[in-house]
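For reference, chains read A, B, C, D and E in written order, and residue numbers begin at 1 within each chain.
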């Protein structure tokens, strides 16, 4: 029953998109070569799959994503935990983080290439930067906002550093960091593609650039749709993990 | 006293950055032409200011940002409010939003150019897309999560549509939407620059591309720093607005 | 026929692993102008019963009628007051009180005049332009009561309206509010788990027990209008409620906590 | 000399537009093994005084000593129990009780054995592997008490530990907890704004009033161990507390709500 | 990884040179060279690294992360002027650029007040445009010149958002194939023997691995000759390495020539004159400073 409902919604959504797409095509009067029809896109998708290009690029993107995202959030969480706790140090680092955060990771590209070279690294570094600041700042904010009762309990029961960070602060703030991790995942995915568009020789972002440079709008659209669907799947996966975590860590007590 | 403290932190941060920068420069042994020194960057900044280029580009970027961001969040909030309320409609649109959201706004560029032309529009559309989905989804989620007591009170006192949306639902969810607006601001700023890097003839993103095209690492670094500082100022402005709003709308009652 | 008649009302919530019966064949009649307290521990279905009477919820079986008509939906003739006050934090105190008057389409001046009048009744006329967050909990609940009274309803439903207040503030408010409401001749259904509160306020106390939610007994309270919490009359009724809940130490029955 | 001596303690919070005096020259002595209730309306400084005794806060002036030593910091010899239980939601009930034992560096088996013993004391041994969120409020507070008792402290500080529970559950817990704590011969400082609660639990009640926070009077309670809320002894003391707060209807003084 | 200045050690007897390129028809000889060298089984190999745009390619080249690149010669000259260590070896091709105009633009004068797109300021395409305008008594001030990503140009032309463009191939051929654009002028008419792309090495690499760079250059020149001699092969190769539709690629191949790729001083001086005239450069590097003729085979060396 519920599954049937979901299927109905998905089908309805698909139909809506196809209708809107076809309408745009008819009203705009665009040439097939510049704005592909749904059917041409499907053919393009098929071509990409048949060539093995799509699978290879998806693999490259997911690999980069995994490495870049996880190394970034791990470091950001660790740093955030420690810096959030030692407010004196953070006071000096906060202005730096605040200035670096609004800079588009892609603006750094020339320096990234200079320092990290070409190949895997630039896109990796871009994802790293994209995920790093949101998680760092979310972690620091979460540590600053930790419910005082947890700290009081810890102090009362004589729990000292580093056990305090590991046993109390980290689990207490984790549910909130998890939200930050989820947000960062979306950001990182968006920037993975953007990063691959400017600094990689493979992956879905590169596929987009390559399709553009080869003047293949059908392949371009197929790549875009693949990116959207993959992003959605990743997000769904993280939502599942998040639910498990919030079950595990229980509801927050003020 | 407090001001003095802030000044100390800012100075300390600046010193830290300069130290790290100089260390990187010395250890890496990079050529000045590829990785500028702080002094060369300052000179570059001076050159940009003296030429009037910086001010012009800042103006262009801020104008685009204002138009793109505000039109986007207004539409997203309005749509989010209505679609959040009518869950039946949203069930069909949700899958579409979920697939579109993870797509890097820049991936659409060829189609944006095709549909909206060149000049101001591409960067504007990119900012629009970047801000749209976060705000839309935040608004829909906020409407779904509205504290039931507000709806009960409205129902009890006989408040019907459209007054219900305008008088009750919107103000009730606004504090939470405001968080979404804040997040979207950061995203939009990052993508403003990214968008101008690929689809504009002016603005800070274009300044970056132009510096790269002219192989001027000093101007590039100066532009990057300007972007960071401006982004920080914008964020600070929004934080002030947010505080005023949360004072105005009071604390949420469960 | 009685003003409010609850006949054989059950409310079952579907739950995985068998349904959960929140209300189990509850019957009760209430007369016009009565002050009824629903008293019982957490989970005994007090809020569920109140929701059904207020029109926010429907019984799974049985019937609930007011003035002979089945309750279909909330109405501005019957206002509910919530534990967390239900004030709109983005409106001033005055505008909150005007809320119900707006949908009655009163002209602006009349609305404001009425809002001021009812705020005066609860002693808060000087807070007209304040925001709810600037008021203490007790003051906020008084605003909610002014808002409810301003639309001149027939019935007031109150769901643990004083539960978030400290005991001493609560007593003050109990005295004030019962005086005001009785003076305005409203029918009042009041949910609480505080025995003293029920005794000091009610004309009759419906004592409820959980698992499943039932009305165990209905105790009439006759304090002859003198609601002194240390008077022998008060203590006598309080004693009877304790007995009804088997809370006297003689009784060794274990209760669900 | 007394076990706990509070001498002329004041606590002032800086505030824009003049400082705010939360505690104003408060003095009190407490003997070993006593059960003291701090009773008063919201804002009278009960929590502030308790925080100072527990070592979480310091007086602005005056001195607070335990066993002749000035209180400098919280200690595992004196455990505080909070209104919202202060359980760690990511740890099972058993692991929560083991928390204090971990920093006492007991070996694993001993910790677990002890945790089970104290959970049994509060009637929750079968919930060892549950998470706090799976327990009702009353059960959670019992876990917090087991956790406190497990480290065998000299003093228990309790800040409105039962305020989040419904009245009937609360009474059950009052009876149980006071029995357990007295049996374990702890000194207990208990904050509440509920008059009945103070009367049923305390050996002495320190009645506090706000603006500024002061101890108005200290009432000894002698119920000869028979803590029946409907007994004449109980009602007599309750009456005296009502009088102390001027809550008897004769008195027309207005109070801050 | 490797420092560009380090002598390149042989791995399994094979020495690999990393060359960056953009997927444009102009870079075709690189593929031919790469395949020929691999097929020959000699010790030298070319590893090709594809980029999406000039700035990214230049980042890699300038920082020495690739050993060489096929790049707009103006961009390389500009980099040299900025003190970046680059050495040019040979041209990528000669001619082969066209100025495309959209519907309604029959004469150059029709461009007045319209928008015209070039890929990059530092490009032959800008120089060609300036020449065309000069020949008709106009300057860039008579129209709006915008920098645009090449793939966007055919779409922009089709939608009437730009009136014309000049860019590397096959982006010009795309508009002609689509029927939305036509050729307004050809590079060989505007600037006979015009320079466009060049094979450029990182200077440190070229100095430390002169033989290697020389072998690559020779393979590259030979590849150019091969493509010039066998247009059918060129078409097949283009089809196999680029994904664009055959009609587009074939058309663009008709315009281009891959033979005689040495950079001669007179051609270089002509380039510098044009760059200086349009203000693209102030302190032009000397020919000797930019070109390393010793990388060329003896026959095409400076006479």
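Please note the rule applied: a contact is a pair of C-beta atoms (placed from the backbone, for glycine too) under 8 Å apart; a residue touches a chain by one contact, two chains touch by 3 or more.
Keep in mind that this is a model prediction, so the values were computed, not measured.
S.K.: Going by the stated contact rule, which chains contact subunit A and subunit E alike?
M.R.: Chains in contact with subunit A as well as subunit E: B.
S.K.: Measuring centre to centre, with centres taken as mean CA positions, what chain is farthest from subunit C?
M.R.: E
S.K.: Upon optimal superposition of subunit A on subunit B over Cα atoms, what rotation angle is obtained, reported to the nearest 5 degrees?
M.R.: So the copies are related by a turn of 180 degrees.
S.K.: When the centre of a chain is set as the mean of its C-alpha atoms, what distance in Å lies between subunit A and subunit B?
M.R.: The separation of the two C-alpha centroids amounts to 17 Å.
S.K.: At what distance in angstrom does the C-alpha mean of subunit C lie from that of subunit B?
M.R.: 48
S.K.: How big is the gap, in whole Å, between where the Cα atoms of subunit B centre and where those of subunit E centre?
M.R.: 38
S.K.: Return the distance between the CA-based centres of subunit D and subunit E, expressed in whole Å.
M.R.: Each chain reduced to its C-alpha mean, subunit D and subunit E end up 82 Å apart.
S.K.: Name the residues of subunit A that each touch 2 or more other chains.
M.R.: As it turns out, subunit A has residues touching two or more other chains at 30, 34, 110, 114, 197, 212.
S.K.: Residues touching two or more other chains, restricted to subunit D: which are they?
M.R.: Residue numbers touching two or more other chains: none in subunit D.
S.K.: Among the residues of subunit E, which ones contact at least 2 other chains?
M.R.: Answer for subunit E, listing residues that touch two or more other chains: 55, 59, 63, 149, 151-152, 155, 158-159.
S.K.: Mind listing each pair of touching chains for me?
M.R.: Taking the chains two at a time, the touching pairs are A-B, A-D, A-E, B-C, B-E, C-D.
S.K.: So in the complex, the part of subunit B that touches subunit A is made up of which residues?
M.R.: It comes out as residues 5, 9-10, 12-14, 16-17, 24, 28, 30, 34-35, 91-96, 98-111, 114-115, 183, 186-187, 189-191, 193-194, 197, 205, 208, 212, 217, 220-221, 223-225, 227-232, 234-235.
S.K.: Can you tell me which positions in subunit E touch subunit A when the two form their complex?
M.R.: Residues 1, 22-24, 49-53, 55-56, 59-60, 63, 65-66, 149-152, 154-155, 158-159, 170-171, 174, 178, 180, 242-245, 248 of subunit E touch subunit A in their complex.
S.K.: Would you tell me which residues of subunit A are touching subunit D in their complex?
M.R.: So the residues of subunit A in touch with subunit D come to 149-150, 152-153, 155-160, 163, 167-168, 171-172, 174, 248-254.
S.K.: Using the touch definition up top, name the residues of subunit C that touch subunit D in the complex.
M.R.: So the residues of subunit C touching subunit D come out as 40-42, 136, 138-139, 165-169, 171-173, 175, 192-196, 226-230, 235, 238-239, 242, 245, 247-249, 255, 257.
S.K.: Which of the residues in subunit C end up touching subunit B in this complex?
M.R.: So the residues of subunit C touching subunit B come out as 54, 56, 73-76, 78-80, 82, 84-91, 99-100, 102-104, 131-133, 151.
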